[in-house]
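Before any comments, here is the structure.
By written order: A, B, C, D and E. Residues from 1 in each chain.
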Amino acid sequence: MSMSEETQTSQDCLLEVNNIEVLYNHVILALKGVSLSLQEGGITAILGGNGAGKTTTLKAISNLLHSERGEVTKGVISYRGEPIADLNPAALVKKGVVQVMEGRHCFEHLTIDENLLTGAFTRKDGSGAINSDIDLVYSYFPRLKERRKSLAGYISGGEQQMCAVGRALMSRPETILLDEPSMGLAPQLVEEIFDIIKDLNEKEKVSFLLAEQNTSVALRYAHHGYILESGRVVMDGPAEELAQNPDVKEFYLGISDEGRKSFRDTRSYRRRKRWLN
Amino acid sequence: MSSDQSTQTADGRTIGGPIMEVKDISLKFGGVTAIKNISFDINEGEIRAIIGPNGAGKTSMLNVINGFYHPQEGQIVFRGEARTAMRPYVAASQGISRTFQNVALFEGMSTLDNIMAGRTLKMKKNFFWQMLRFGPAEVEEFEHRKVVEEIIDFLEIQAIRKTPVGRLPYGLQKRVELGRALAAEPSLLLLDEPMAGMNVEEKEDMSRFILDVNDQFGTTIALIEHDMGVVMDIADRVVVLDYGQKIADGLPAEVQANQDVIDAYLGVAH
Amino acid sequence: SAQETLYVPLLTYRTGPFAGGGIPIANGSADYYAMLNERDGGIGGLKIVTEECETSYNSQKGVECYEATKGNGALVYNPYSTGITLQLIPKAPVDEIPVLSMGYGLSAVAVGEKFPWTFNYPASYWDQMSSIISFIDTQDGGIKGKKVGFIYLDVGYGKEPIPLLESLSESMGFEVVKFPVAGKEMQTQSSHWLNVRKENPDWMIMWGWGAMNPTAIKEAAKIKYPMDHFIGNWWSGADVDLKPAGEAGKGYRSANMAASGTHFQALQDVIKYVVEPGNSQADPDTVGSVLYNRGLYNSVVVAEAIRTAQEIAGHANITGAEMRAGLEALDLTAERLAELGLADFTAPIKATCENHGSGGSIFMQQWDGSKWVRTSDLIAPMTDLVRAELEAAADQYVSDKPNWKTQSCN
Amino acid sequence: MDLLYDIFADPFVQMAGMPDFFVQVLWEGFVTGTLYALIALGFVLIFKASGVFNFAQGIMVVFAALTLVGLYQAGVPALLALVLSLGVMGTLAVSVERLVLRHLVNQPDIILFMATIGLSYFLIGFGEFIFGGETKSMITSELGLPTGSSVVDFAGGIVIFQHIDIAAVVIAGILVTSLALFFSKSRIGRALRAVADDHQAALSVGISLNQIWVIVWFAAGIVALATGIMWGARSDVSFALQIVALKALPVLILGGFTSVPGAIVGGLIIGFGEKIFEVYWGGLLGGGVEGWFAYVIALIFLLFRPQGLFGEKIIERI
Amino acid sequence: MIYRETGQFKTNYKADNSIFPILQDRIAIIFYLFVAFIVIPAFGSDFFINSMMIPFLIFALAAIGLNILTGFTGQISLGTGAFMGVGAYSCYKLVTIFPDTNVIFLIVISGFFSAAIGMVFGLPSLRIKGFYLVVTTLAAQFFLEWCFIRIEWLYNYNTSGAIEVPRREVFNVIVTGPEAAAVTQYLVVLSIVVAMTWIASNLIHGRIGRSWMMIRDMDIAAELMGVRPLYAKLSAFAVSSFYAGVAGAMMVFMWLGAAEVESFDVNHSFLILFMVIIGGLGSIKGSFLGAAFIWMLPVVLRAFPKALGLDVPVATVEHVNFMIIGGLIIFFLIIEPNGLARIWALLKQKLRVWPFPY
């Protein structure tokens, strides 16, 4: 309980979420007071099990909740010190915040090329710059390049994931909200995606807020981490510290005192241990 | 299948002869070749993993197996019966059941109804009885309901029995989908990335469910998964695809050591 | 009693696709009653209370209006839609409220023995068709051997005169070609008129309504059909129908039952007592137009029937049943019309127990490019022929209704 | 035998026998086809941008035409009335977005469809409230559109060309081509398709749904005004005009909901097909077949191409 | 805390599976039935019964039918009006061919005719989907309308092209025709509607209903689960048209008394579709709420100015009516796209946690 109460108010805080509550459909309370912050040029990871509220948090930030019949009933979200609750998602993209949604959400009837071009919708810096960025995305994901003329609806799940990430990069954002970027990607690609994140972060100073299930990788690349459980932040701290925490190790990294266990050996189903203190 | 082919595994399960043989399958979409001349088999009672980089043709392979895609070449032998093109529901009625990479639940229905949906083929009472509900239709409904409740207990999703699945978090949706596939009591269960979007703890649970299904009901399982930890731990044999071609096939350890596989799929880190 | 008024519900349609025709009719009828109230203090000392109910020309809403108003002591219904009329015909004897469908509805109700509660004078569609045919017979050396095209709205209303037309074609030796226009096709008639061009009939007769009329007239002009050989019935001859075509419609003829114009004393009274004080919903320009006058004519008839009913009943506060007697005894002579300030406005009506459709004379009017001009005397229908057809139809209507209330006239 | 002759031989004999008339039929088919295409275009625009079938398009046609004529009758000069009507359609587009669409982002298609039905109810009431239900005549010549006709001698007969029809074809052609170009070449065009695919994802890449919707609804409003003028000139301006929208439905489906060229080709196929069939074969069925013929053509095409001639592929993947 | 399910544990599947698992719901149903069967016949005026209740029930039945097709099976249809027409015309033919047969029985039988026609027009749904399917149902609508005009046999060669309901008695009570008492007709309609609602609810809660919903939610997955699309879609078309047919027959025989083609035109199809969507797709309760909303609201609104003693021209009332209804449709969709039924459910859910907000 105690750790989440701690609030950071440092100067270079880019994005700040202050004690928000989210209600879906007027009755389902999905977030019960979540606070977190993202430093300028930082990589912050949100971790947590299924249904913990990661996606909800990201959508609350990018203002996509309205379209899911959800609403932020309490709390403030501010970007560079300004509250952003009243901005529409497009205005937020113009401000440089773009989200990669969970579950790919490619434009099925557009080709991969067109999907990427759509990603650059808000940009005004001419087709030359846009095309060179498309080439950059293709250099990240050569597989996409091979299929560039196919409709996104027909490509494989992993290819769609690449397409969604690539599309977000196309708007040249300064902050990216990534919802489970590694989902459905082959192992070496997972590493690659995180390398790209790191690269962009270091070279282009892009900040990342990422919700991720692949805790071990996420903590390896993130600077700071938050752990969400049933709509509450139950723990947060610098990534290295979290990675060392025994509870995190056991529940999120699958490493117990005896080292990594085989999936075959977990004989009895685990009871979810709740973070009571 | 004939018992002379069957073998015992280390943990005491019996694995029989091939329940399904995939022979020289090729599948093209316009100019794109999704699958090129692939053959492999799945033995009765085993957990068979299919792995490979993105776009290798794994999902397409499952689609071919259960009749959603019709390959241009090759044939599939299931329980000794060869077939080429067929409607998906024929596959379903022969006991092939599956889950999907992009969750394909019936969004407007509750968890319970989704899993009941898996039992469609087992329910026989005709329109007339359904109309009246009292009597045979109701009795039948309860019988199946019982099975479904067992599955729900087994998957530990009691709490969301009546929730419409559309608003469940992704991970739970995957679990419901598994429940739905199980409800059909399949002899061959095809799982397409059942653990995507789960954390380690949840993956452990999921692995446990899969192992138990395999163990308790003797269900044969074909599994696509990108988490190599899981694959290495629970699969009996692994087939590796790349660019629509088979590049390796064998025991997990053999596959993991195969240089082609490392180059194409695993990367150096593993 | 508490209800010392004459209650006349008005089923009107001022909205919907047919509002263009419904509005002037509604205004004409309402204004005449209002004028009587202002000028004469009502009829027989009782004020006329009218209540409009909007049907949008829709049968279901019409029935709803009927149900909503019948309990208030309604004297008579003027449904202003063949569809609504058909539904009210069987209800009339049960609720004992007569229905007056002036020049529309079911032709067979003219047979008073079979339909004691329903009236359709001055003329049924069949009367009208026979009048039109006899008019044609007087032109260009007779109708024999000619080809007559019949373009009609493909619903009950439009189909109604077909049996008569066909039997006339046999007896008078002319050929009939039919061009049905479905409700949805009202405004896309180009293929119908291509067909007309293909068939090239000598005469065209139209049973149209609403947007079908102006479209047909424009299309006819487009294929250069000789306009003076194109004749509409009285629902296809309003000002709104010809205005859009304007000059192109010059020569088009239509039947009518009541004259247009404001030169009648009664209309002057309406203008003086209702329109000018601002108590009318009508645009002053439309007062005296074809449909306005028709609505007014309807009210004249109802008012006269009320008067007659009051005389018969011997008291002013009449019931629906007494009103029925008044409608049946109506004798609107030329003298009476003149007294009402409507000399030469229309043909006299004389209803009897057997004849609820009266004499049915009509006259022809012709469009001169900007207004209607009356161009013929009254044209009588072929009564004997029509009567026989009417009786056959009435018998058919009644045949499958075991307890149908009829009356015997002697 | 006779029946076979009537079906398979006689119509052709007639065609050959009266070539002038046949040409006239073709011309009529062409004109109606273009006009159908024009109505269908209004639907296509909105469908492309939101995946929604805009039920209110028919009413918008009436509403636009009524506004034009109403303003003229109120004493506004014809051309100014035209400009003001465009302004009204623009205002309508903005209000629809503000009051309706904005609140229905990411809802299933059928819900948006229903909302457009609600909108059409509102517009019917509002339009009649303001302009009254009386029938009005289109101010064709006041707008500078040609009236009159040319008669051309042809193969021993005549073919009549109405000048207004020629104008209609030209105007519809210009509108259709320019909109087609605008939406296929500009980045807005791509954004439209993206929005139709997935509202949320479109939002997430920074496409402002609000802006896009205002644009397409305004474009649809322009098309509605053009349609209203053209059809109004053929008959009159009344609420019955909304029925012509129903005629556009098969056109739309035949061409594919999402395709501007599809609307044109579909319109022409149905325009020609309908006229020829009604004139040469309709009599065999007692006439009046036009009411459903277009739908049946569309249905037959659909059985072979479920997405219409040029519609976007229906993606079925699992 | 009036609406509480606490303490109502379900100890067996039967109880849990029942359609109204909560006691309060069961009480409510009994209450509604009591009002419908006893209170309304006893106290309702003729106008209320004839112009509000009977049409409301008939439309609710048609809406249930369409809901089965559109709400539960996901096939949008604009042919309901025509299918109602098929029911009405077949009932008319049956009643005139078999004058001595119980007319209530014939009304129900006529549903089978529209079911058959519905299946024929349902065939294209195997290939055509979504809004494209609308065209096939519209083709059905317009083609059937044309048949109702062209095939004179259907209306016994009546010159007016209309069908008029003859008087028929059942057990010496006049059931159809103008002399029939409003209450009698109401009770007949009510009984048929209640019985058919019960059947619909049974179907929906069983295997067949589930296979419909599977097709609706994801037809590909449904097929992979072993649902035959042919069977599921056609059965939905058949059942749906059956309901529409019976509703159509009742509309003419129990309400209007006479009908022409216009009574079954495309506007009717739209009307029923509105009811289904406003009420809630995929909800039987919603079909009733939607029918009540769309049918009764205008009637009430029309009576409103008069009741307030305002002298507003009827045309204006009608215009304002249109605006209000259009506005309300949009308003309800915005506050709850899943229809009145969901609003209802949300209210109950709120009651359940009351006095806490959530």
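FYI, contacts are C-beta pairs under 8 Å (C-beta built on N, C-alpha and C of every residue); 3 or more make two chains touch, one makes a residue touch a chain.
What you are looking at is a predicted structure, and each value in this text was computed from that prediction instead of being measured.
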- [ ] Count the smallest number of chain-to-chain hops linking chain A with chain C, moving only between touching chains.
- [x] 2
Task: Distance-maximising chain from chain B - centres being C-alpha averages - done: C
Task: Euclidean distance of C-alpha centroids - chain C vs chain E, Å - done: 37
- [ ] Could you tell me the distance, in whole angstrom, between the mean C-alpha positions of chain A and chain E?
- [x] 47
Open item on the list: Centroid of chain A to centroid of chain D, CA atoms only: how many Å?
Closed with: 45
Task: Shared interface positions of chain A, touching two or more other chains - done: 25, 28, 154
Task: Junction residues of chain D, two or more chains touched - done: 124, 128, 133, 246, 286, 288, 291, 317-318
Task: Residues of chain E engaged with two or more neighbouring chains - done: 142, 145-146, 149, 220-221, 224, 315, 318-319, 322
Task: Touching pairs among all chains present in the structure - done: A-B, A-D, A-E, B-D, B-E, C-D, C-E, D-E
Open item on the list: Give the list of chain A residues in touch with chain D in this complex.
Closed with: 62, 64, 66-68, 88-94, 98-101, 105-110, 114, 117-119, 121-122, 151, 153-154, 167-168, 170-171
Task: chain D-touching residues of chain C, taken from the complex the two chains share - done: 14-23, 154, 178-188, 190-192, 194-195, 197-198, 210-211, 214-215, 218, 222-224, 240, 243-244, 246, 283
Task: For the chain D and chain E complex, residues of the former touching the latter - done: 53, 99-100, 103-104, 107-111, 113-115, 117-126, 128-129, 133, 246, 249-250, 253, 257, 285-286, 288-289, 291-292, 295-296, 298-299, 302-303, 306-308, 314, 316, 318
Task: Residue ranges of chain E touching chain A (in the complex, touch as defined) - done: 346, 349-350, 353, 358
Task: Residues of chain B touching chain E in the complex - done: 66, 68, 87-89, 91-93, 97-98, 100, 104-109, 113, 116-118, 120-121, 123, 125, 127, 130-133, 137-138, 141-142, 145-146, 149, 180, 184
